[in-house]
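Shared chain: chain A. Partners: chain B in the first complex, chain C in the second.
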Partner chain A sequence: MTAEAWIAGREATRGAAIAAIARRLVASANPLVAGLATDIAGAEAAHDLAQRLGAVLDHRHSPAALADLAVMRESGWLVTTPMEARAMADCVVLVGTTPPDLPHSPPPFAPERARRVFRLAGEDMMLRLGLLRAMLAGRRIAADADLTTIAQALRAARYAVICWSAADISPLAIEMLCRLIEDLNDTTRCFGLPTPAPGNAAGVAQALAWKSGFPFRLGYARGRAEHDPWRFDAARMIAAHETDGVLWIGDEAPSVPAGMFLAVLAPEGSDTGNAEIVISTATPGRDADAILFDPMIGALRFQRAAVPQNTLSPPAAILEAIAALCDQTVATC
Partner chain B sequence: MSALRFQLRAPPPQRLDCSALTPDRLRGVSLAEIARLPLQTTRAALSVGDVFTIAAGDAGDIVIAGGSPLMDDIGAGMTAGTITIEGEVGIRAGHGMRGGRLRITGNAGPYAATGLLGGEIEIGGDAGDFLGAPGAGEPAGMAGGVVVVRGSAGARAADRLRRGVIVIEGDSGDTPASRMLAGTLVICGRAGAAPGYLMRRGTMFAQHATPLATFSATGSVDHVFRALLARALAPLSAKAATLIGGAALARFSGDLAGLGKGELLIAAAA
Partner chain C sequence: MLTRISGGRIIDPTTGRDEIGDLWIEDQRIVAAPGRAADLDCDASGMIVLAGAIDIHSHIAGANVNTARLLLPELHDGAMFAGAPPGEWIGRLFAAMGYTTVVEPAISPHAALQAQRELAAIPFIDKAILAVLGNDDFTLRLIRAGETSALADYAARTLGASGGLGIKTINPGGAVAFRENARSFSLDDEVPRWGLSSRAIMRALQGAVAALGVPHPLHLHSNNLGLPGNVETALATIAAAEGERLHLAHLQFYSYGAEGPRKFSSAAARLAEAVNAAPNISVDVGQVMFGQTVTISSDVLRQFGARAQASPRKFAITEAEGNGGGIVPYRYRRKNFFNAVQWAAGLELFLLIHDPWRVFFTTDHPNGAPFTAYPDLFALLMDRDLRARWIAGLPEDAMAMTTLPSLTREYDWREIAIMTRAAPARLLGLRDRGHLAPGARADIAVYRPQADRAAMFRNAEMVFKDGKLILRRGEVVRRHFGQALRVAPGFDRAIESRLEAYYDNVFGVPLQAFDVPEAAIARKDQPAFESVPCRA
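On to the complex of A and B.
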């Protein structure tokens, strides 16, 4: 059996690694709990640990997740789910290269209508989306044939869907799309379909929101929940030496500068950066039962483990064990 | 009576929340109490006395000698009096300020003048991104007051501006006046790419700018309002007054993708 924990490159017991992480995080002036590629239980446990520690919480994919969220919370949006889009859409516009293609067959719930699928990619996306919206608004404006065709199709559609990925296009382009969708709903139906950021970002954002009122980039250093998308950016904090202890959950851990503590809780085979302490975890949803955001239905869904195993604990259990030790350490000093 | 003076002892060991250092909050507070006010943003406690030496004076006239890019929220929420920072500051300088005067001799970080409601902010150096923009999750940006930046500003200056005037004497980063609702942005140098993207109403002046294809040229303007605005801004920025009150400006209306009632007034459109 292989080890499940390492301290400074040597195999260690899980208990010893958990105790060492708790000790180091309690001693940190500005601890950071980041990565957060985990299930709902893991996100809740990470939140509770951060609240006890006075730590900052950020997700590995928060730039894309917050770009979508900013449009939603600042000016609202009309979105649908992939299931609904497959069933109903008679016109699909895929913006950028990331959104996957949809079947070109007629929508099952409206079989009498053909489905037209367009992909809009290439340079100058911000301007082209602006031109498309201007054309739909009936402005006399010069635009290429592709845009003209898409504008006509969107106007003629009974149920159009526009897909994008925040990783491909700028936040202002997302806002332009969402306003365009709003405009189209004056005369027909049109919905957005954002590609969710990986690492269960949408699920983690919801869990943090029901715990604290805020999504990630959340801090508890001053005993209350504070949300600051600039100040609590994990990558920025690490680069600027604004944290001294990092607990990273999930794959793609960063390498931290010398003198900064890094512990990683991740499935075997993950990139653990230059972590001092590593604990292998089960992968929620694969080898442990989990609740995850399911992009197909646009909601949280229970997922039974495909390959159940009992040797490795899910991140939530390890985070709870660390939090319990943090309480003791705080209580005794 | 001389100013209440704070002298920075050394570069701060962490980001500071300086929102306590305003005339409103320090009036009638003893020096000993001021020294005990918390500034920390991490778990490590840090008070005013740890970071600054304090010299007694009129709390309505605060001078902070020695700035740092870690000094956040300076002048946030102030309603009266003056604050002068001899040096640079971090994020959100003058956030939600309602009145008074905030003068920063050095650079300001991102989100300066967000949610500004009144008063006057002068930034001697450059301003970061999102000057006068909405704060995180807020529906609108700056809604009153005047901001003058002597240097250049980052991206998204005057984003979703609702009221008030922002003058950038140097250049601006990309997408100035994005989503602008109303108010005035003056760029005395070169405006970054895609000015006025998603602009609804409001006015942007620029010496040099390249309007998007979703703006339409609507001739040149010589309105009376230009002379009035130039006269009003002259005491704050001679450069702005020269641009606004000077030669005829080319006018562009947009962003035609949306409402399209915004205007770009450009001296040299290319």
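On to the complex of A and C.
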């Protein structure tokens, strides 16, 4: 049997590792809980721990998730769900290389309509989306045949869906798409379908929002919840030495500068950076029951463990155990 | 553990009790005077002792509410977050007012898991969801085919899988019309490609709910919300129920005439008369109060249209299978003619509907106002002088379009107790809540009378949940978690194999992807759900 925890490269018991992490985080002036590639229970537990510590919370994939959110909360958006898109769209435009294809068969809710699916990828995306919007606005513009075909299809469609991934395109391009969708709704129906960022980022953002009112890049240093996409950027904080104690949840842990404490809770085989303390966890949804955001249904879904095992604990249980040892109550609500 | 709440005025409309006396609690239940000394004595002399209040319609959880939180980070000051506070504050602020059960009324069955999980994180209170049907393709298929009993089976299966306490329908057919590019939709408009009217969908769902014996009647968000002249729709909807039980949600938003120089007037008096004459109808008001809020609604057609009024100027509209929804921030202003008429129309409904057992206390939180406005509203209903002072500060031309200035009725404690305790318990089928007879769940609110009634309601002197003192004057005494209330009517399992095939065909996902198993939301110390019996 392999070990479950390591302290400074040596095997340790889980209990000893939990106690050591709690001690170090309580001693940190500006603790950071990051990575956050975890299930809903893990996100809730991470929130409660951060609140107790006065810590900052950030997600490994927050740049993409926050790029979508920024467009919504700057001026608003009209979106649909993956299931509705599958059932209803007669025209689908996949922007960038990431959004998955949809069946090309007629939409079940409108079976008499054919479904046309286009992919818009390549260079100069901003420029091309600008041309597309101008064409849809009725301006006579010389553009390549692909773009002209897409413009005509969007205008003719009864229910178009434009899919994008914030990992592929710039925030300005997302904004452009949302305005284009808005324009089309003057005469027909068209909705956006953002592709959720990996690492259960959508689910974690939801859980943090119902716990605190805010998504990630959330801080409790002043005792109450604050949200600041720049100030509470984990990568920036680590690079600028604005944190002295990092608890990383999930794969792809960074290597932190000398003198900075790093502990990692992650499934076996994960990249744990230069962590001083590591605890192996169960993988939520695979070997522990979990609630995760499911991109197929565009909602949270309960996933029973496919390979249940009881040696490793899920991240939530470890986070709760750490929190129970951190009695330094900084904030109440 | 035996607790005595001594010397308070106990008002319990269900049993007719209104007297100074003692109330005894043993563990989680109210008991008759046991003839032995209490372990804990809570002095309530000079105070009012009521059952814990029950809110039948407040948007407190689910994907739409959470989107509202994400949409408005700049308004998250203090605790109210522009009307969409985090769960912790929802529980604490409701409990402080003496509320011990709150119903989230608009959950798409496809997003029930998130709603139930959010509710599980709300401390202090019990909670429940209503599951939304009526714009989903499967419901329309069954209605069009005349499959009455299959529709009831489907509704029952949906209640079971989502953990719902009842069925709601929202602008039935309107969301389907919206995705087919409709810009408006009324009671007898035909749902494109279905040949069904909103009326027909409503009637079919009323029938399904009745057939299942679900205590709560169909909860209807009618067509044409917020539009001038929509009182005609509301009156036609009451008539369309044909004497069968129906709950009309946030009626204030349907009480508008199109009279006067600005073609907008209160028609609440006419509507109240129709409600008075229709004993099968219950309503909640959806009172408007002034200030910043955010509108959260699964009426996607209406919210799409409301984007132009957004303040601040942004919105999140989701068109979805089933209902979708829309989040549009909004500020109700005292100086705004329309908002002032809306405020008055709500109060007219409260004061002109005679039977407190059929009119329920809501602001449609947060659509008319955040629930934290309740204390001011209670005070307005109990005090006509206070109303007169408010009216004096509002546009005269707006008040001229309402009957409010002429109304002198004042609610008394008994009426408050009925409309916020006894009646909601009866409407939802919660037999051991909303009253103080032996055997009742010991959910109790104790208020200290004072000149400032709003202050009295904002922070109850003592609040007991499940027999434990949890808050005193708004301060937490003991952390506590309630349960989720649901019904689980039986049904013919044949509907499941049909649904499985349908989900696989249309959506390419398994039906069970949307279920809310107990394990997903259970806390370590207690079961997640409490089942409310259906009528046999």
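Quick note on the criterion: the second predicted complex is superposed on the first by the 327 of 333 C-alpha atoms of A that agree within 3 Å, B and C clash if a C-alpha of one lies under 4 Å from a C-alpha of the other, contacts with A are read in each partner's own complex, and residues count from 1 in each chain.
Throughout what follows, a residue touches a chain if its C-beta (ideal position, glycine included) is under 8 Å from a C-beta of that chain, and two chains touch if they have at least 3 such contacts.
Keep in mind it's a predicted model, so treat the numbers as computed, not measured.
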When chain B and chain C are modelled together on chain A, clash or fit: fit
Which superposed partner A:Glu44 touches (first chain B, second chain C, both, neither): second
Which superposed partner A:Ala121 touches (first chain B, second chain C, both, neither): neither
First (chain B), second (chain C), both or neither touched by A:Arg86: second
Which superposed partner A:Ala27 touches (first chain B, second chain C, both, neither): neither
Touched partner set for A:His227, first chain B, second chain C, both or neither: both
First, second, both or neither for A:Ala156, with chain B first and chain C second: neither
In the superposition, chain B vs chain C on chain A residues touched: C
Which superposed partner A:Ala142 touches (first chain B, second chain C, both, neither): first
First (chain B), second (chain C), both or neither touched by A:Ser75: both
Chain B and chain C, minimum CA distance [Å, superposed model]: 6
Doubly contacted residues of chain A, that is, touched by chain B and again by chain C: 73-75, 227
Parts of chain C lying in touch with chain A, wherever the complex brings them together: 61, 63, 66, 69-73, 76, 79, 81, 84-89, 92, 110-111, 113-114, 117-118, 121, 137, 179-181, 193, 304, 307, 310, 313-321, 324, 505-509, 513-517, 519-520
Complex interface listing, chain A residues touching chain C: 40, 44, 69, 72-81, 83-84, 86-88, 103, 108-110, 158-159, 185, 188-189, 191, 205-206, 209-215, 225, 227, 289, 291, 294, 296-302, 333
Contacting residues of chain A [partner chain B, same complex]: 28-31, 53-54, 70, 73-75, 126-127, 129-131, 133-134, 137, 139, 141-142, 172, 175-176, 179-180, 219, 221-222, 227-231, 242
Residues of chain B defined as touching chain A within the complex: 14-15, 40-44, 72, 91, 110-111, 134, 136-139, 160, 175, 178-179, 194, 197-198, 212-214, 255-258, 260
